[in-house]
């Protein structure tokens, strides 16, 4: 993408004096700035969404004052945080205390380098993309331990220690569940993983099903892998029910206890950037990335028909039972179906803009994380470890073996050759 | 098997919980938030109608005094558990009419100071019941920010407490009027004292008797305030 | 068992260690010698007929004045037999009232004894962690004594006086 | 295997901490995450209730009792009023007794709602807390209708009530009760049955019955330990003997009898029982009667002393009053339930993790205003 961007810039007369290398560097920096803006905006939007989602779940309204429906509330908060006094506790380690938040932000920021947003839109199309994202996002723990230690506060220290234990433990289920998908596709390149999920899904590799060929529908094992990944990833980004590093009711604010102002804002930025990375990775590996659910015309029609049937069934059966079911989602699906049936071109258009689809998929995953957060209590430290080592890890291991067996049975790999 | 049962239980119960929150999420219109300055919680209509006034409300948000009806009996001051009410009164002159209360009682004392320290008031409502004239009562007005209370003459300690301007003065007697009356009392005192002095001197001069009005001298103070309490 | 029966049981058991009984009070109580508190409480707890397993409350009080003593009243209740009794001790010595702790019998007494010390200055011997509970350890005087005089300052801070 | 003994760290939990339910300070000696000893330091909210009580007249004490346990003002004032009434031998009109029961039980529901919600908050579930507060607000609306205040009512007076209930109150009360039964089922779905919640609370902080009795623990905490003791049943005061209700006892359904889950669940079930009492009281409520007819003009109890107790949402609330015949109490002692309930924390909390100590503290449902008085 960088190269393409650089050569695209060189086409223009005004920029043609640039050499190839400076143009590449310029392109790199521009992309980096774009990603940074994305990260910042992402946090602003997600904080707002999180507030609204939590408010609606808690029979509240959430922010309503600043801007229409409170949309500018997070902007106002960000401004407030920027303008706050810069406080460093007297007995804190001055250097580590300053560096910690930046490392966390950096780690979550550079993870975006390998994320494909759309066909061809990936800052660095590397062959080890998946490996890169997973490994770079665990650098976060260094920053957390650093800031927890540097705060010179017992609560911060507890938070940092818990965080280190947690992230290290949950790396393993994350890796194993991703490995299951990798075993099917045979590559670590994220673009190739997405490309492999094109087309209409096949149940047991030969019966066509009304779903796209995403890995979550690929086989029961990959579905399980997706679930494990989601759980483990929730733990990786320290969200409830696994938010023990900052567990508000126990450790005050965990490793963030002593932070305020802009540094605290950095924690927030990185928290939501992490959530976005995890959500995008889930979308890429298990939900077909930027692939549309209606990958081609036939698939689109097939999918639309099945969605219509499902929507009708849903309407008939559920509408009877639940009095106040909202009609809008069903109506939307029906309308889309009809349109797609009548105007095939529209269905194809629906298939094209990858950015929209990956955003929708990521958004769904993020909503799921929020939903978890505002419903569940928090696990205890040892229960967290129990879940990781005694539940997720064995299941993930068996699952990996199961994927291999599945592949062998369906003929995707052969043990002989 | 307990292991798998645990996992199964977890999944089902967690989904049950998620259904509850999702139920509220889709029914977001059922929220209970009140957008305060635009919407207001209705104060319950609860006029208990003491005596002839049926506008008395039990909602206790601010203490209020109808100073025109106050007879200065200080029952509320004594009833207050936190001593937030301070009342000073002055005796009126003989024959002077300072009006009657709404219940028809002739007022005999001029209330020169009636302050309620709202920072100390704990809204217990105990002061309103003993009032014979039903002139001190709680109002449902919970807004203290308007600052409609008047400037009060307070001591330094009170000034410190009064940082939010929350000592409410209800007395309408102007300072000059109070001073005038105090002056009159002081003058009368002075005249009295002078007369006594004169009598004593005269008595001394007329020789034989020992100067007995030692007792008298004790009750001739200079402070007008003590006079006011009489 | 009624309070009077419990009293007669106690007085047969302990003789003159049980000084008197106020049966006409709303909550009847027996006054006992303060030296005998531990053995009487132990009897009240362990005796099969009484089984006072719970100490509801332990309150200090000051009857005020020089000849009027300080005292402590123990309100006991038996969860299993559902009856009450109250035991009172009085100290003539206002300067240095001392009492044996019953912390080992009723753990409720732990904090209540500290509170009685905090407010009345009654010392409990044998208490494992004996210091003030509600006030600071360096507070002067025992506030609920009738002859308590409020200090002007505490650690340089002026103590507000009632109007 | 002998436990590896590492150096212990002293951790100050509080006075400013999100989960200490007020200004409580716990000195924790920790070995890693394991807490080996807990020493509560109290007194940060000491407001000299007893000293005040000895300096003001009997009716003036009622607002102060409200402020002691600010989550159960009605119950506190009820207990105090009963003590003075017993001392003075006041006979109350029927209507007053019924109204007092109604308000006391509503207050119990409101207090338990806070306890349940805050316990959820302590173990990390934020949403149920807001649901609980929504219901509590409805109860406070009822209180506001009747007394004119939302938190500190000064409504239960010695010898009567401050005001009679307004017209429409009974209908609104029924309306709330009908709505509330539905809500309890909702708490069951989101919290009580939730596996994570059960993992966090079941078998944690087990308080055996002997320990509970010996420490003077009362109320829901005692009943959760399997002791069937409720003052409303054991020593029926007021007119509690006229109502049908069950004493809820912890059964250890999810773990051991007397664990945090039991303490939580006893409260949830007690709310239903309180609602049951309110329904009966509303049905039997006499329509006639002046709520102030028995209020004495001068409150001067005869010389004597009394220890009167009642069942507060947190346990046994006792008032020990010595009267010297004047209008000011000579000695006024409040035996607050949470004071005793908190003293047990080292016994049941030592050996658990920091997170569990928070859960145990939450399950004891302390109110610092009452502990420090």
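We call the chains A, B, C and D, going by the order they appear; numbering starts again at 1 in every chain.
What we mean here is this: contacts are C-beta pairs under 8 Å (C-beta built on N, C-alpha and C of every residue); 3 or more make two chains touch, one makes a residue touch a chain.
This structure is a prediction, so every number in the text was calculated from the model and none was measured.
Every chain gets a centre from its CA atoms, and the centre nearest the mean of all protein CA atoms is that of D. The chain pair with more C-beta contacts between its two chains, of A-B and B-D, is B-D. The distance from the centre of chain A to the centre of chain B, each centre being the mean of the chain's C-alpha atoms, comes to 61 Å. Remark: chain B and chain D have CA centroids separated by 33 Å (rounded to whole angstrom). Centres computed as Cα averages put chain A at a distance of 45 Å from chain D. Distance from the chain C centre to the chain D centre is 25 Å, each centre being the mean of its Cα atoms. Looking at chain A, residues 57-60, 374-376 sit in touch with two or more other chains. Residue positions of chain B touching 2 or more other chains, listed in rising order: 14, 17, 20-21, 32. With touch defined as above, residues shared between interfaces to two or more other chains in chain D number as follows: 127, 134, 190-191, 194, 196. By the definition of touch given earlier, these chain pairs are in contact: A-B, A-D, B-D, C-D. Interface residues of chain A facing chain B in the complex, by the touch rule stated above, are 53, 55-61, 64, 324, 326, 371-372, 374-376, 391. By the touch criterion stated above, chain D contacts chain C in their complex at residues 42-43, 46, 48, 50-51, 54-55, 86-87, 213-216, 227, 229, 234-235, 304-309, 316, 318, 320, 322, 331, 333, 335, 339-340, 343-344, 347, 372-373. Contact residues on chain A toward chain D in their complex (touch as defined above): 54, 57-60, 154, 158, 240-241, 243-244, 247-252, 374-383. Residue ranges on chain B touching chain A, taken from their complex, read 7, 14, 17-18, 20-22, 24-28, 30-33, 35.
On the chain B side of its complex with chain D, the touching residues are 6, 9-10, 13-14, 16-17, 19-21, 32, 44, 46, 48, 57-60, 79, 81, 122-126, 138.
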